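Note that the chains are named A, B, C and D in the order they appear, and that numbering of residues resets to 1 at the start of each chain.
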């Protein structure tokens, strides 16, 4: 899935720190409303976030798969301070969700009110594509 | 010679990368027209560029001394490309001069014409305080 | 394997803002360690320079610092594992000596964090995780440790007060440490005040749960058995070294209620030293946040998983307790000058094992342990020391 | 001291601009070396990650790369000595194995220099020296090597054509190397054209005297004797390792007509291997600039001081000569992806000693040498390899 050098990945996240990667197609899928990981055609290992290469098979023979269904909330935290570029969005809540075969890291949907009270470790969550406050691509978790 | 935190050193050089050092007095001397090194009061070791501490004596018991007289030109090179912030001054010639007890690194006085032809390794040079093209503090070498 | 000993230790005072450059700051730890070991530069066969590179504009600082300290033409190099850089440096120094390549190696850690502008500092903070997949969400160190705290709370019923107990203990000893940044006592009531320790940072962590940045340097000198016995009256032997890594991305972690690198590095170190957690008489563990010390206590086997809060509540980690932990004030009191941190921990343990720890001396310790974590459980080092 | 062997080598193609991230680029060298060694990740006990940190926004890249390559929970760390980072990494891997701490260690070098903007790149170039006392004068790498060339010219009567001879030889082999950036032949006439090799850079160096930046990765896997013999049909033994440092500031240098670190590191490596320069059958030396190769030839004892130009003129450094040097095209042809450079040199020598060097194979070499310099003679590494 190697591409010519492009900077599609710089569309990802409130602040982007990198634009060049061999999994830039992740961005196209996200624009189409799909959160995608990769799966190794040789050994079946699933990767999220997606990888272009598999260390188990020493190959770059990869397919895309879609992150669907529900996962369990592993942990979460609401930030009152943030790094440069993110402070306008404060407070926001980050979270880790376990889908079984893989986990997904991201933010809780800002529409969820009082996340520190309403969220519980272990509850079911689902990820969906979204836009950041400054119009960049991202995805968020909602209680499912 | 430790000082309260100050950024006097940021006056040194066409582009300055650092402002905070315990030998900031170097700047005051340069403003007074003196190029100064330090000498360890415990062991007599001379340091140019100046240091605030002596590794031989494990102490910070230092005096200042003035760089005077002539040195021998060890080598030189005229740059046709330069880093960000220096390109307006191109071409310029850097040089290393040996004073015996210590050496001094810097630029040849831009008033020296055709440095690649007029300079010879081994010839006598003297350093004197000067200003850079953007008004910062520096020193330059002239044939002596 | 031939034996390797620590023969000299040094540390600058850790301060909010050092009025000088990294070379000048490094000199402070270097000169103390050289005087402590009572050796000459010509006795030092190599130097290992440890820091995190983003905080100073000097590229390749190993060269600048080695020149300033007069340590040419001996080899020098730069090593980094974030906050555990100088513990990694110590492991490398151990291997350079144990392999027979060198007789005596210096490990120098330094960090000046105060010379960046606040904006520059915040920007670097934003790049502390995987910049492709996690930094993009606006993460920071306190938030990652907060995820671990939340998971510990959910799994074991741990409460914010259990974490506050750790800070109160830390401050008890910070008051006594004249090299520490934070030297005021802390009471539980301070956590009730949102203007003081109780201010929210990243739930469930509060201001009092977090250590402060600092500028500082540390220096550890190690030598082989022959040189150690020649140079040194009280060599402190390195008995076990362990190190491990984990995924940077949280998605690669099995669990967030402990740090796998701490468990794995500890196992390696105990095995190599041939002892168990019960043998440790005094420990320095990585307490960049209160939850980090709580997990370390459990991960190192001083308590069972989930048993940390009770051990702490019972004051067993105080100087008089069964396993004194961070009784130099820890990072929570000393401050955390990234590259210098591990060396400072080692200095504390070495002074304990030499019976030179003054007002925090534990009675007749035989074995001491240093636990140093880089990133949020990304890198882990555990080193076990013993006296003759 | 127990024996340590190289059991696997890999390298990406060196390119002007790699269309991916450092983790993806590192994979290319890693996967070649793993296939070459025919081992599993579980056989690798530790990894050493080598690069210069200023060229990528990812902080602490060791963690990100180890995760991507599936090399958790084994310890990993980052090491830097500028352009000699992966040779320093190899020395550390050697010591980690020879000390008995680990059985098998991977050294991974990588660098992406193309993703910075031209401005960012020029800014970093400006901070390549002592930022307090030399960068302030507007120095750059070519200018520092130019000072050395000027001094060599003055002392020995060396001429620009002597340096051009080195580039012409380099290009002869660059044409044959499908992993190299620059693959066109170079003739002496090209140095007469100011639009081509003859353009002035920093007197007396011209465009043709300088290597190009590149993106690339390299991977070297080493193991102890038992594992090497189990995993590998043609282990290549590390017989000598030498390393040295010099002052960053030119004011601390005794002489500019050679590099003290090359001389010192070479002495150490020859002594440890128990051989002399005459025993070396094939060498890779650090030729970031033509003058660097000239000094290396003299500093390593292949010629006397000042005797380099004549040795080069007589084509003794060609494949058929008495001491073939950089017959993979060297950095002048391959390009110079800082952190990956040393590993690429090692790969070339290992392939020679295994008789697997294809179109550049030297006949029955017994001993090979790698000379890798960091900065302008700031750091120096020399490693000597031998076959069974």
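Throughout what follows, a contact is a pair of C-beta atoms (placed from the backbone, for glycine too) under 8 Å apart; a residue touches a chain by one contact, two chains touch by 3 or more.
All figures in this text were calculated on a predicted structure; none of them were measured in a lab.
On a Cα centroid basis, the chain most remote from chain A in this structure is B. Between the CA-based centres of chain A and chain B the separation comes to 53 Å, rounded to the whole angstrom.
The distance from the centre of chain A to the centre of chain C, each centre being the mean of the chain's C-alpha atoms, comes to 32 Å. Chain C has its Cα centroid 39 Å from the Cα centroid of chain B. Residue positions 21, 57-58, 71, 127, 131-132, 249, 252 of chain C each touch two or more of the other chains. Shared interface positions of chain A, defined as residues touching 2 or more other chains, are 17-18, 21. Chain pairs that touch one another: A-C, A-D, B-C, B-D, C-D.
On chain D, the positions that touch chain B within their shared complex are 119, 122-123, 125-127, 131-140, 142-143, 146-151, 154-155, 200-205, 249-253, 256. Across the complex, chain D meets chain A through its residues 17-21, 24, 27, 30-31, 34-35, 41, 57-58, 68-71, 115.
Against chain D, the residues of chain C that register as touching in their complex are 1, 21, 46, 52-54, 57-60, 62-64, 66-67, 71-82, 88, 91-92, 94-101, 124, 127-128, 130-132, 241, 243-249, 252, 260-261, 264-265, 374-375, 378-379. Contact residues of chain B toward chain D in the complex are 9, 12-18, 21, 48-49, 74-86, 89, 92, 94, 96, 102-107, 116, 120-122, 138.
Interface residues of chain A, counted against chain D in their complex, comprise 2-6, 17-22, 51-53, 55-56, 58-60.
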